[in-house]
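Have a look at these structures, which come just after this line.
Both complexes below contain subunit A, partnered by subunit B and then by subunit C.
Right, the complex of A and B next:
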């Protein structure tokens, strides 16, 4: 079961494509991180997944349900939009009632227990809560709907480090306790590195790479060797990033496996997640769409330096 | 906490039960999200109604004193008359103007922000992604708010109707006079419904409160002015050769003259020159004695057609409002963020 499946998904605002040619599959049970700089199409993809936005081309299915945004689809998804929108003039208690009344399924007892744990006064206006408390309230309301898929758009952006940790703890608990799948977007990768087990990288409205974090790490490596031999070597590899430092060259390459033969005079190192993502984001012109299979990555064009 | 809130489901696990969507829940949602607006409207209209009652009692008293004053030509009565015409009529006229603007203002302040606020603050991203989707809650909110405001407006117009009674016998003033017709009977409530519907549609269309309010006021005024003219064409006009059509116990019972013409012997219409001569011949006479065979015809709407006209007007306004609300819901359905 895939929680999200898109085929050739694209969204155009006026003449600008916010997202294009996005073919993507996110399996169930993952904490999938949607990463990319601001304006790379993360919110666009999420809005289409929850039905707030209609695709210009292509199609999307969420939890196997088409069309997205239908009530059948919305029953299983909980979405917390950027800046956790709540009705600012409604009290915490009213937000609970409201969400309860707008959903077929709502675990009132769990939500109240969570609100009590967080120490949020039921009478306090949602608009008067701190940013972290608002996020926690929005998350609590979303989880009380008992979703199968939780979609969080930049939930950590406005939170301080402590609130970020609290927030992620709640998310992780929901995953382990209730088997919720999570799709979470962020422009800062560092805090997701340890928790994300699936990675979707968007760059300039294109899907740069997507796959299981472990697979991605296993299928990429950095080759370090003499710069003068790098150009000819690079032509035979799919180079994501080519860094030269004096006589040394560092090539971040996609390999079919760790057992690939390394040319004499070159050394292979494993790659870090952040390094990998940044390499894809820096790839000129945006990398072509890549499915979870690392094999597709070989279509990536040589970097500028390698040409 | 409201009485409309459903009791909590027993037990922690509600997974097994997917509750249906009761309209009571939608009523609670509507009330909670719009109670500020509804209470404000109730407060403003309530305060205005209290003012109308207090001012109206004085005006009714003055009017009763005035018509009881005999003989009318006496200086004392003439003083009363001019006092009434100056002071009370000025007040009544001001209130009538405000009354004519009220549906437009309700449209701008209640209708326009109804959904535009959601889009402007971004809370639609919460509201439209809940399990019941976006259409049913939007329908509930539009219909319930519009209906409530319409009922409040109807109640208020009943107070105004009473307040304005002493002014109807004034010169040139009948219940069919454009500004009076709009604010009496059921027309006022119907215009309010139309105003709120225009506002809601404009708000959903431009997605910003202030521009939507401006559009609402503009569209309402154009529509209201067009309706003043349109009313002439309601199929209620009567043609008569009687010269007594305008005479009744008071001007409240006088008719709305739409036009007239003359016919000569044999029923042929007269040329303009002949008609002018005929008018000159009888000018200034109360009973116009035309030469044999010549008749003056009048096309007019008798005041007895007040209610049929009200129903026609309320009918098309209701249809218009229903169409606008349907279009608004369609926009909610279609509109992507």
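Right, the complex of A and C next:
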């Protein structure tokens, strides 16, 4: 089962396309990280997935249900918008009461146990909690809906390192215990490597690359060798990023197969997640052609002009 | 926040700067603990949930590591209980180890005579090691190759 499946999905605001030609599948049971610079279409994609905004073109299915935003689709989703959305003037107990009554399904006992675990006083106003506590409260209320898909828009942005770790531990534990799938947008690339097993990179309103994190890392590498031989070598490769100096060249390439031979005089180095994402975001000509499926990642022609 | 409940004799730790994929770090730490005697057949590995909570990593990463250990025949899962060490790592018999050590010392002496310093020897060794196991169709343990698993399957 795929938790999210989109075909040619696009959203236009006035004359501007916030997202276009987005064909994407995210399998169940993953923590998928949605990354890209501000304005690349992350929130647009998330808002369409939870039915807060209507696609201009294309289609999307969430948890196998179309249309998104229908009651059947929403029952399986919990969404935490940016900046830990809690009502600042309500107490923790009132937030709990409110959320329980606004939701068809709500595991009150689990939410209360979790709030006790976190040491959040029920009488305290949500606005008086620390940033980390507010985010944990929002997450607790979201998880109490017993979702199959948890969508988090930039949950880590305003948190300190300890609060980030605590927040992610809660998310990971929910994955382990209840099999919740997660879609999370973040700018904290360095922190994603350990937590995200699926990666979706958006650049300028287009899908740049998507796939299993391990597969993406395994199918890309940096080739280092003499600059004078780089042009002829690069022609036979699918180069995402090309860095050159007088004598030396570094080519970040998508391998065409695991058994790819490296030419004599060249060294192959593995790439990290951050390096890979930044290379795709900086790829010339905007976003490359969308990767139709993780298995085909190696056939992307990333330098192809977007339009 | 100590998660250790004494279920397993070992506790995982991650090295963020190693460049080795997370699941492979877990695999290597179990193998290392086996070699050093921290783990013996019958011992239990940390529960997936505890590893997830103590390292803040994706549960699928832990499952992948445990599956790899099982494929290697080092561990076995017991339904509802956890993952247990099944076999000790095969060690080369001591007399052969001595011979290997001597030939390596000879080689080091000639590398030194040729002017290679310690880090040069290390770089050469790592590169030859990687190439050797690549040619044999399996990734070297500790290989820098992120594609360790795919190459192993191919």
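The definition used in the following text is that the second predicted complex is superposed on the first by the 289 of 307 C-alpha atoms of A that agree within 3 Å, B and C clash if a C-alpha of one lies under 4 Å from a C-alpha of the other, contacts with A are read in each partner's own complex, and residues count from 1 in each chain.
The rule is simple: a contact is a pair of C-beta atoms (placed from the backbone, for glycine too) under 8 Å apart; a residue touches a chain by one contact, two chains touch by 3 or more.
Here the structure is a predicted model, which means the values were calculated and not measured.
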item	value
Partners on subunit A (subunit B, subunit C) - clash or fit	fit
Which of subunit B and subunit C A:248 touches, first, second, both or neither	neither
First (subunit B), second (subunit C), both or neither touched by A:173	second
Touching partner for A:217 - first (subunit B), second (subunit C), both, neither	second
Partner touching more residues of subunit A, whether subunit B or subunit C	B
Vertex subunit A angle, Cα centres of subunit C and subunit B, expressed to the nearest 10 degrees	150
Touched partner set for A:235, first subunit B, second subunit C, both or neither	neither
First, second, both or neither for A:29, with subunit B first and subunit C second	second
Touched partner set for A:193, first subunit B, second subunit C, both or neither	second
Touched partner set for A:110, first subunit B, second subunit C, both or neither	first
Subunit B and subunit C, minimum CA distance [Å, superposed model]	20
In the complex, subunit A residues that touch subunit B	47, 50-54, 69-71, 74-75, 77-79, 81-83, 85-90, 93-94, 97-110, 138, 145-146
For the subunit A and subunit C complex, residues of the former touching the latter	29-31, 165, 168-169, 172-173, 175-177, 193-197, 214-215, 217-219, 221, 255, 258-259, 269-272
Residue ranges of subunit C touching subunit A (in the complex, touch as defined)	14, 19, 21-23, 48-49, 52-53, 55-61, 64, 144-151, 154
Subunit A partner contacts - residues on subunit B that touch it in the complex	1-2, 5-6, 8-9, 11-15, 17-21, 25-26, 28-29, 32-33, 36, 121-133, 137, 334, 336-337
